[in-house]
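Shared chain: subunit A. Partners: subunit B in the first complex, subunit C in the second.
Then we have the complex of A and B:
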């Protein structure tokens, strides 16, 4: 169907506005990170950098513990992602492909957990972790991140499981294949995009988590990016170059990850959403 | 497939895990709210409903409750407007629509602390980007301190948080939009309905269920936002952005009044559960009446 001239201009005008609203702040930050300090703070901001320097990134590597934060963040995020997938997959399969008493009630209770403010459980959790000696340990962060990501992850698997025709499993059952084989050998490849979406959701949740990491981790050497970085904000007499370089460095890993599996994640959101 | 034992075997790891990490602490929070624990780790005694009387009788809780309502409403209005416009755009066919649908969510995948730095810098009074542009355009004479007044700080935070979340909301709305059958629009077009007519008569009514679910989920999600507020204003200036999660955090970890914080937590949870219960019941009722 053809668009009228007015419809087309509304569409492309809207798209341009959207690109500006989302893209421009990122453009300013990323280009800001390679500008010389005097260009960063000059009265008339420049759209395209007039100067080029890597001094902010050098300072980020030398003067701060940023590489350590980055490593901690990666470790916590990778383990959180792995455990979230391991727990979410069988649970989602049972919820959406099997019959058992109390299924709907349990499913709703799990969804309810997603709506709870994290700060409510933070206080007692701190006490519990203190008792078992997990304060200042990345294990505590992994445990919390998995719990926070799990409800939404289970829910997100729903649409992907729904795309697999039941006949495939039934045929396997007739052939006498055990359920674990069905799940691992037959279903897994079919719902790989779903697993990818859950993984990226868990990774991003962990990568961006601030509240628990700020309370459960005490020593500087164990901090993750959000908390360590927030520390840098206060530590220095606002050094915008350093902060912009840090922001850029924190954006790159998630953007790189998203470039590979982002479209699965988005289809997981849009196709399974709101039922 | 009917295999109850296996189903429970599949569900129980996730379920037990959530019970231990979220459920049990919730019970602990209730216990804590009846005690007089100050600093974390110190012993407490049972003091009955004293904390509840103090919290409900004092002004802090109600003030933060009011700020939370302003926060949630502000986010709901700004995000719904931006997200609906975005979803309508992304529901069209144009070259590069897949790329646009994927990367629109960029603001949501970066750490909150990065969002905070981006906007602290852009809105900064010394240098920055927005203030020089506003001054150059002659809209303001001097740089504006976006976080210096109670209401302007709240408004700035609402806009920043909406900037972070509206793409996510837009994708959820897009899911609802793609489910509206294309034939309906085609039929309306043949009947001579214009763009606005089609939106008003087809898109808007058919999007209602999606919008209602998003309204409930979005309210809960934005109610719970803590890090953006804490990192940008820490609840200030003079409590202007002190929502309930900020108040809980501050009472527990800055004021060292753990039991009081637990009491506010329990009250907040009751509020949210009541909200979720009433709205989902209202939704089921409207669905049934259709």
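Then we have the complex of A and C:
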């Protein structure tokens, strides 16, 4: 379809506006992290940095607890992601293909989990974790993150499973493949983009989770980045340079994950299977 | 190799009965084709034989063994799907070896059998390719290869050629026929294309609305159909049906007339006792069985609306006086002129008579 110049300019103008809304804060954070402190707090903000310094990063890595927070965040996020994917795949397959009583009702109700704000379950969960001795443990965060990410992940994974032609599974059944083999050797490679999407969703959910991490983790040495960094905002003074450098450094693992997993986002994985 | 037997097989999806009691015996090594219009249940029946659909009642035996409740992999069958259903992330060799791998056969045996099948199907140079790097015909050959390596008792084909273009379809049809000759294995083949059915089958099973209408050799169905449905379905272009009335009957000959279309008395031989005089019937005449009007026992006249000239033969579509359209074949492409009112001769010996319920009279 050929667009008129009006349509094209409206489309590209709209896209540019969206890109600006999303990109500008990133630009602000990243450029702010290399500005001298006086330029950061200058009355007239500068879009293009006039000064350049790595002093905030130096302070971040040498004089703050950032490396500890980073490590904690990475551990929690990696385990949360792994468990989310490992549980979402078979659960989604069961909802997608297996016959059991209450399947459709259950599938519809899992998303209800998001109807309640996290803060509602915070106190009961705290009590629960306290009883089993998991307060101040990253295990508690992993459990919470997996529980929070799972309903949407199952829902998303099921839609990806639905894109695989039924005949491929039937051919595998005729070939004598048991259900686990069909899931692991046939379906999993075919829905790699879906698994990648779920992994990124779970990773980011865990990476940015604040509420539970702020309550379930007590000691400073076990804090994750969002909570640890909240401590930088002092009552009387904020070290903006350090905060911006920390925010910039916190983006890096997410970008790296996208770059690593992005390879799986290739279309046409099932090309050649049918027709 | 194995024969197959279906006994009172039924299939119900909720309230809808899609297979309404099918009895069928397939001899070892036979090539059986299920044909019928869409929704007649032919694919469902095949999937029930494969074990991909459960059987509501009745029993399915393969090689003398009741497999009604058995897993597909344990039935001794292999299936080729309409959409090929190859594993897109695996190479041709892995695709073909997959069933053997699942059966935990040793690697050297898998390699050997895959190579043998690839040789039969001319796929040797493609073994390391992925399905997306193959043409439609090659993909279908891989799907057939995956079936061959298992050395099944029964091959099941679910409209395997419908995704291919016309030329490739003819080529693959010949290859499947050759494969059957070489392997001698029982094959059950589902198609809606009656040309495929006629050319491939030892035995055709015509299905309608979940029931078998007739079973027989291709020429048997063509020459001796049980009812108007089978008569219309087998043969291309389809048989013409002209409504008529029985004027008199004697022995196994009925004299019918159709004054509306200018058809005076035609004596048609019936299978059994002819319908009583005065009954409504229809005369079935295949397009290829019209004869020159001069000297013909009976004549139909109609105005030619369209002429299709295919080179070797030509088809005239003509409107007869009751408003119905008939199709007439001629070896002489110049015989028909669009717009002309033409007389078409009928050979009563090659005409069929059907009662008002469509049963062969």
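Basically, the second predicted complex is superposed on the first by the 254 of 275 C-alpha atoms of A that agree within 3 Å, B and C clash if a C-alpha of one lies under 4 Å from a C-alpha of the other, contacts with A are read in each partner's own complex, and residues count from 1 in each chain.
Note that contacts are C-beta pairs under 8 Å (C-beta built on N, C-alpha and C of every residue); 3 or more make two chains touch, one makes a residue touch a chain.
It should be emphasised that the depicted structure is a prediction, and the values quoted were computed from it without experimental measurement.
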item: Touch count on subunit A, higher of subunit B and subunit C; value: B
item: Touching partner for A:165 - first (subunit B), second (subunit C), both, neither; value: second
item: Which superposed partner A:189 touches (first subunit B, second subunit C, both, neither); value: second
item: A:32 touches, of subunit B and subunit C: first, second, both or neither?; value: first
item: Touching partner for A:173 - first (subunit B), second (subunit C), both, neither; value: both
item: Overlapping contact positions on subunit A, where the subunit C interface meets the subunit B interface; value: 173, 269-274
item: Touch list for subunit B against partner subunit A, complex; value: 1-4, 6-11, 13-15, 17-18, 21-26, 28-29, 32, 40-41, 85-86, 88-89, 92, 94, 98, 100-114, 116-122, 124, 126-129, 132-133, 136, 163, 167-168, 171-172, 174-176, 178, 195, 209-210, 213-214, 217, 220-221, 223-224, 226-227, 230-231, 244-245, 248-249, 252-253, 258, 261-262, 265-266, 268-269, 272-273, 276
item: Residue numbers on subunit C that touch subunit A, as the complex places them; value: 50-52, 71-74, 77-79, 81-89, 98-99, 102-103, 130-134, 136, 139, 146, 150, 163
item: In the complex, subunit A residues that touch subunit B; value: 7, 11-12, 14-15, 18, 21-23, 25-26, 28-29, 32, 40-45, 87-88, 90-91, 93-95, 97-101, 103, 106, 110, 112-113, 115-128, 130, 143-144, 146-147, 150-151, 154, 169, 173, 179, 204, 207-208, 210-211, 215, 225-227, 229-230, 233, 240, 243-244, 246-247, 250-251, 254-255, 258, 262-263, 266, 269-274
item: Subunit C partner contacts - residues on subunit A that touch it in the complex; value: 165, 167-168, 170-177, 181, 186, 189-190, 268-275
